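As structure tokens, here come the structures.
Shared chain: chain A. Partners: chain B in the first complex, chain C in the second.
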Partner chain A sequence: MARLKFLCDANRCIDCNACVTACKNEHDVPWGINRRRVVTINDGKPGERSVSMACMHCTNAPCAAVCPVDCFHATDDGLVLHSKEICIGCGYCFYACPFGAPQFPQATNFGSRGKMDKCTYCAGGPDADLSEAEYVRYGSNRLAEGKLPLCAEMCSTKALLAGDGEIIAQIYKERVVTRGYGSGAWGWKTAYGETITVT
Partner chain B sequence: MSEQQDGRSLGRRRFFRALGTGSVAAAAGAVMGAKDAQAYDPGPEETKARYRETDDVRAFYRTNGYETLRK
Partner chain C sequence: MTHGLNRIRALVVMIALAVACLPAMTGPAGAQEAGAQAVNPTAMSVQADDLLQQEGKLQGYLAQPDPKLAVLEQPQGRQWRVFHESWLPWGAGILILAVVLLLGGVYLVKGPIQADEVSGIKILRFNVFERFTHWLTAVSFIILALSGINYIFGKRYLMPLIGPDAFGTLSQWGKYAHNYLAWPFMLGVLFMIVVWVKDNFPKRGVDWAWLKAGGGVFNNTHPSAGRFNAGQKLIFWWVALAGIVMSVTGIMLLFPFAAFGVNGMQITQVVHSVVGFLFIAVIIFHIYIGTLGMEGAYDAMGSGEVDVAWARAHHDLWVEEQLRR
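== the complex of A and B ==
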């Protein structure tokens, strides 16, 4: 069975933020919440790299381990999804996540947190597939339509890869071999406990 | 005066004794009737695999690989 993963080829990412915009538009994400962000390392210095980051849908997800109400569940293809019905907005998952993926809307003018929101890998949530309720809570469900996450599908430089982990790892390996260099699969060691080695 | 006071204090004691017994019984009932906390069980429908290798997905793999550029 396929294990769905994200892979950002940092040698191709040009920090255009199209993935961020596409995600916000596709899921009608409210102001102040970014399910995906582009992080630039060594900005303005030699070796500058930009990496598009969102929830990596970790193996043994730390967010799920610390959740006091167990609102997370992993699907058979490795996605880490959560139920907004159960989430109490405590914020523990935000502290546990190594990628800063969980986001919280401001619920009141006094700064209290609302239900956690994060990347769903465009797979919706526990509500019925392609229902209005699912769209309002979790955004669109592209996987149910037989598509991949929009951020990856519309990446103009094809830096962001999504899909079956083995296939995208193979695509990345071919790229590294062909061009002769690569800066590694960012976040894979942390998220999946493995890395891509090119021999 | 003191008999009146005794009568009043006895009545008050009986009242508080009855109140205490009632509270203990209510607390015991609540403990006996309480259920264990249930963990969230997502069920097979929510944990099912969502990924399908459709034409759209295959096109994504094809256009992202260098194989496409060679052809």
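== the complex of A and C ==
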């Protein structure tokens, strides 16, 4: 069984935001919600790096642990998905998530913030695969169609990798060895409790 | 393997030395910058794990106009999770159970404090507005407390009983109740401070003696007290201060990120839940004294009137003052 992960090679990311746009378009994500975003570290300074970030689908996910209504479930591939039917929009998952992945349709909580929305790894949600209900709530389910996440698929520099953790780690290692440097697997230690060491 | 590592290390030191020896280069920082300008990206530029270790979190620039999303990585979320899923449920559970067991034990062993003093004449202790204020605060407090408890214990005990869907719906209503009844609660605390603060300033001699006598509970005496005895004064000040803390942190949670970033929100939530459970423990004690624990006490907030003889026994200084009028 694969363990699906994301890996952003910050030495390749050019901050073009195409992954952000593709994700919004593919899943028809409402205004104000960005399932994926690109953050630039050391902006304008030497050593500047950009990193594309969405839900990392953590091992032993903090969001799932703190949810007061336990609306998360982990798939066999290690994805962390949630049920918008059960979610009450309390926002705790955002406080627990190390990567700022959970998003809410409204900023304030007074009355309601609405149901949480986040990256599904293009894998939909608990509704029936490829159903209308699933599309409306979670966006398209590319995994059920045998495809990988769109953001990584269309990344022009192939900075963003998605797929089985071991395979993408191997690709990254080969790149680092070939070009002689790499800034590391951003977020991996926090998300998966491991880093990619190149020896 | 260690061999290879040592060799790489030696190489790095040599390069660093060579670069540092160039004119106008003053140190390792300069060396790094020079490298970065020559080729960018380079091996010398940022390392994700080093940056994280230096700063504790990763933060940067973002094209979208949402400052909270500029935080790329905050491992503190993992710590907050440990608080929220281990410390809080265990601490709160033990606290509430201990208070309930203690009071249950006191009730079984000692029974209620008897009110032997009956004269048949009633005296007004709390007027309509005072009673309204009390019950406004009390009813909203109880619903806030129950819906607050549900955030932490619901999924552990209630959800297995009624199933995830029913529990989701119930929690949604619980959340609405918590968010809306917060306002009458805040109003109640405000009114309470206004109407009762004048009777609750500590009084030299009287309050200290009352506390030293343990309120007379253990030797069945009635130490002197004004309108409120020292124990009631402590409850008043607790409700006033904890009420303000709950209101301020609660409003921060209602309008998240209005004032703080994500780490600030985590601390706000910790304060709200810790003070919340201490508050619940204090109020369980308060409810016990007001109902089961002491005969005659409930009437004061029920009908507003108490027996003069009871009042003389429990609040002698207040009765004297009332009769002098």
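General remarks:
One rule holds in what follows: the second predicted complex is superposed on the first by the 193 of 199 C-alpha atoms of A that agree within 3 Å, B and C clash if a C-alpha of one lies under 4 Å from a C-alpha of the other, contacts with A are read in each partner's own complex, and residues count from 1 in each chain.
Following the convention adopted for this analysis, contacts are C-beta pairs under 8 Å (C-beta built on N, C-alpha and C of every residue); 3 or more make two chains touch, one makes a residue touch a chain.
Note that the structure is predicted; figures quoted are calculated from it, not measured.
Of the two partner chains, neither chain B nor chain C is touched by A:102. When the two complexes are overlaid on their common chain A, residue A:70 makes contact with chain B and with chain C alike. When the two structures are aligned on the shared chain, A:163 is found in touch with chain B, with no touch to chain C. Counting the residues of chain A that each partner touches, chain B and chain C differ, and the larger count belongs to C. In the superposed pair of complexes, A:39 makes contact with chain C only, with no contact to chain B. Look at A:148: by the touch rule set out above, it reaches chain B but stays clear of chain C. In the superposition on chain A, A:126 makes contact with chain B only, not with chain C. Looking at the shared chain after the overlay, A:86 reaches both chain B and chain C.
In the superposition on chain A, the residues of chain A contacting both chain B and chain C are 69-71, 83, 86. Only residues 1, 4, 32-33, 36-37, 40-49, 51-52, 58-64, 66, 68-78, 80-81, 84-85, 150-152, 154-155, 159, 164-165, 167-168, 171-172, 175-176, 179, 253-258, 262, 265-266, 269 of chain C touch chain A when the two sit together in their complex. Those residues of chain B that touch chain A in the complex are listed here as 39-40, 42, 46-57, 60-61, 63-67.
Chain A meets chain B in the complex at residues 1-2, 4, 69-71, 73-77, 79, 81, 83, 86, 123, 126, 143-144, 146-148, 152-153, 158, 161-164, 167-168, 170-171, 174-175, 178.
Listing the residues of chain A that touch chain C in their complex gives 10-11, 15, 17, 20, 34, 37-43, 46-49, 51, 53, 62, 65-71, 83, 85-92, 94-100, 107-112, 180-181, 183-187, 189-190, 195, 199.
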